[in-house]
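Have a look at these structures, which come just after this line.
Next, two complexes with chain A in common: one pairs it with chain B, the other with chain C.
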Partner chain A sequence: MFDQSTFFQSFIPIIRAMPTTLILTVASIALALTGGIILSLLLTCPLKIIRTIFKIVASFLKGIPILVFLYVFNTSIDGVMAKLYSLFNLTYSNRNTPTLQFAIFALSLSYTPYLADMIISAYNAVPRGQSEACTAFGFTKGQAMLHIIIPQMIVVAIPNFGNHFVNLLKATSLTCMVTIMEMMGTARNFATMNQKFLEAYTACALIYWIVFELFEQFFGFIERRSGRYLQPGALKVRART
Partner chain B sequence: MLKSIEVMRQYFPALMSALPATMELLLISVIIALFLGLLLAWGRLGKNKAANVISYVIISFMRGTPMMVQLLLVFILIPLVAYSNGIDTSSMNPSVYAIISFSINEACFFAEIFRSAYMSIDNGQIEAATSLGMGRMQIFRRVILPQGAIAALPNTSNMIIELMKNTSIASVIGVYDILGKAQQLGKNNYGRGQLELYIEAGIIFWILGLIILSITNLIQSHISRCDRKGASIHV
Partner chain C sequence: MAEKVLDITNVYKRFGDNNVLNGVNISISRGEVVVILGPSGSGKTTMLRTINFLDPADAGEITIDGMTVKCQEKNKKKVRALRQKTAMVFQQYNLFRNRTAIENVMEGLLIVKKMPKGKAKDVAQTALDKVGLLDKADFYPAQLSGGQQQRVSIARALVMKPEVILFDEPTSALDPELVGEVLKCIRDVAKTGITMVIVTHEIAFANEAASRVIFMDGGVVVENGTPDQVINHPKTERAKAFLERINNPRASA
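And then the complex of A and B:
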């Protein structure tokens, strides 16, 4: 039932596809972080109308499965790219579609509201006295943010960020449904080619597990290191979900 | 734009006909996962070394691998095992595999939540219950469960909504849930109206999530009516 040599063989193509997975993860989390910063600013905007609108938008983005995002983006590639090319009077050929970029957009869009929440909760976790002290010292708002508030926010946000990062790493496996050859897609391909499904999927699961644990340990290390100065029990917002 | 809305309106009943499949996946998985999660949490918290190690490894594996890999593994492994024992699974509904995989996966997340909820209960409560002569099941039912539920419900409902979104992955193995139905309908028309169907499926998922959220808010305010700290949850 379980063919060991195929099992070990299947490691090679899957590990070769690891860079694609990592690129997807890192690019998506970077984009999502940018989007999250913008969204968190909009969610805490003084104007009530804007706040309400973006609250609905955030809840909408949170409520949609990632697979739906991927399908929506994947089916709209041709239309969007053709429009974009015609703006610059170019003709778009659908030979080499930018599926990877669109998958990155889809993944980052689905993680944007979570990261916005993370940023808002990190901002709220910094004691109000800190910014008051900055005002007392004559800091401008930008200076206070840059030198006092943001460094503390980062420490508070790291555990949550690590959670989102590893979740996103797992979510990249869904992109194989839109023909991207990352680890899962390669495993499926290998399995279909050799008709050895169990071996390929087991290998894929093992590699995902190892990568996940490595990142988990890495973020745990950063968390402990960056939080050295914290009193035990203070400012802890660790949630293992 | 008007045409898209017309397409959405036209396919709405067909998509809603797949709603029971999604709800079935979700409800059965959650119910199984609650029991399995309690079992795993008990394994993690108990004094039995072997149970502790086994449940730790299971939880770590389930947290560390994507749901899709788990689903495909279950989808491949169970028929193979059943076949070697002489059971024919070819006529089995694929949603069975989805339910098995989702419930095991969800159980591990529940176990972590239950464990932290248990640890948030003051040990003095359990000692007081023991000194009153309560049995172990009695302590669990009368002391641990009412207080633990308040602590665990917000995270549990978050995980249920997350699972509701993840049931769409079941469409990969050919379960006709909402997304699977949308895919099928789109392919029936050679890809026409595919985008609208996907967006519509997304909107249905969003509304489902909001409904689950409001239900859990009601439950939360009911069970924490004696608890001053218990407030409604925000996602």
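And then the complex of A and C:
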């Protein structure tokens, strides 16, 4: 039997855990994007050796399930932190272990190669003639990237980035396996305490879907706005100052 | 005779096993409108692109307005300084897609010439007016026809006040009914006395607007003279055969 009152009660703790889920998502995607920018530069480096090495690195990172990353990182926290502290002559106490930080690191590491691919394909999607025109007019490479190429790359990358973002949002649910009390972990706790599993998990599913849809709408909006200039039909004369 | 503005000296270029340019020598005086004709694969576009180092040549020198740069020059600053004496109009327009028409014209002024925004806007408006597109100033390239885009790109080249404007087949990507407006625009620019090098297949335009016609084939200059000399009275067999084919497409079939 489906107990409706437990179903509705479980919303409260799960929604309270939403900030943790959002922090995990935003921090991981930000870190993954930074890593992705660096990795994309390394993957397109003129030196073949560098390219080959980081192709292997990228493939390695892609090939490992996120849960495995989380377990490996979580198991090594104490050892790594103790080493790190001893470098600065400090003693590490495992009472406040940075579990969340390590989970963020693990999540971002597995998304880094995908974001690097996204950046490379966005670069390739900007027509060659755009940078040629910059060069012909005497722009430096940096000026061309900053004013012409990167703004166009961002427009190309937004739909892709939105997909990675919502995927990562869902993937943060795995961090409950390393004791992080985000939405999924909270739902599981609530379910165990009340012995009402179906109710708590369906509530959790519903909340994930709502958050997902909000971000979908958000990225859809950004996509339509930023891509305006590529649409011949939509005449939009901008107000000028 | 007027002073020299552009000298292409002994330029060689190869792509892999393909020798595209085999010692090109061209000298152009200020105010000349030089049209370069030739069959496809004759190296005319490549030659144009070696002038502003978009495709640096393997050997030779380029002199523009008294500044000589060796084609193998690796110093980016020198190459950029030479480039800034030129401006280019591309076959595919290559307008900045994320900029409106007026922003396209302003971009080089703001970034390369470091002109203040207000002044750049004034200059850009005058230039857009000259090509008859002031009413389209706030439109993005995707919202303009090919002919309009090419006219914006001509305005974009003009405002840089280059010593020489390079046109790379400016009408080849256009629908036939749009070719006229762009050619008219180029003709108007030519009247202002600016030096132009135009690679094109428009023989009629060459005949009427050029002050000099150069015929290239096999990576070298084959004929070099007034439009009348080159187009109506070609001396070499290669030029004769090419013009025959262009003027009379069905005869060669």
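We adopt the following convention: the second predicted complex is superposed on the first by the 230 of 241 C-alpha atoms of A that agree within 3 Å, B and C clash if a C-alpha of one lies under 4 Å from a C-alpha of the other, contacts with A are read in each partner's own complex, and residues count from 1 in each chain.
Please note the rule applied: contacts are C-beta pairs under 8 Å (C-beta built on N, C-alpha and C of every residue); 3 or more make two chains touch, one makes a residue touch a chain.
Just so it is clear, the structure is predicted and the values come from calculations on it, not from any experiment.
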Item to complete: Determine, under the contact definition given at the top, whether A:Pro98 touches first (chain B), second (chain C), both, or neither.
Response: neither
Discussion item. One more residue to check, A:Tyr229. First (chain B), second (chain C), both or neither?
Written reply: second
Item to complete: Considering only the touch criterion stated at the top, classify A:Met1 as touching first (chain B), second (chain C), both, or neither.
Response: first
Discussion item. Per the contact definition in the header, classify A:Ile148: touching chain B only (first), chain C only (second), both, or neither.
Written reply: second
Worksheet item: Regarding the shared-chain residue A:Pro19, is it in contact with chain B (first), chain C (second), both, or neither?
Response: neither
Discussion item. So in the superposed three-chain picture, is A:Tyr201 touching just chain B, just chain C, both, or none of them (first/second/both/neither)?
Written reply: first
Worksheet item: Which partner, chain B or chain C, touches the larger number of chain A residues?
Response: B
Practice prompt. Examine A:Ile64 and indicate which partner it touches, taking first as chain B and second as chain C; both and neither are also allowed.
Written response: first
Worksheet, complete the sentence: The intersection of the chain A residues contacting chain B with those contacting chain C is 240
Worksheet item: chain A touches which residues of chain B in the complex?
Response: 60-61, 63-70, 72-73, 76-77, 80, 84, 109, 112-113, 116, 155, 158-159, 161, 165-166, 168-169, 171-172, 179, 183, 191, 194-195, 198-199, 201-202, 205-210, 235
Discussion item. Could you list, by residue number, the parts of chain A that touch chain C in their complex?
Written reply: 127, 129-130, 132-133, 135-140, 143, 147-148, 151-152, 155, 228-232, 235, 237-238, 240
Worksheet item: Of all residues in chain A, which touch chain B in the complex?
Response: 1, 59-60, 62-69, 71-72, 75-76, 170-174, 176-177, 184, 187-188, 197-198, 201-202, 204-205, 208-209, 212-213, 216, 239-241
Discussion item. Considering only the defined contacts, which chain C positions touch chain A in the complex?
Written reply: 52, 54, 76, 80, 83-84, 86-88, 90, 92-100, 107-108, 111-112, 138-143, 156, 160
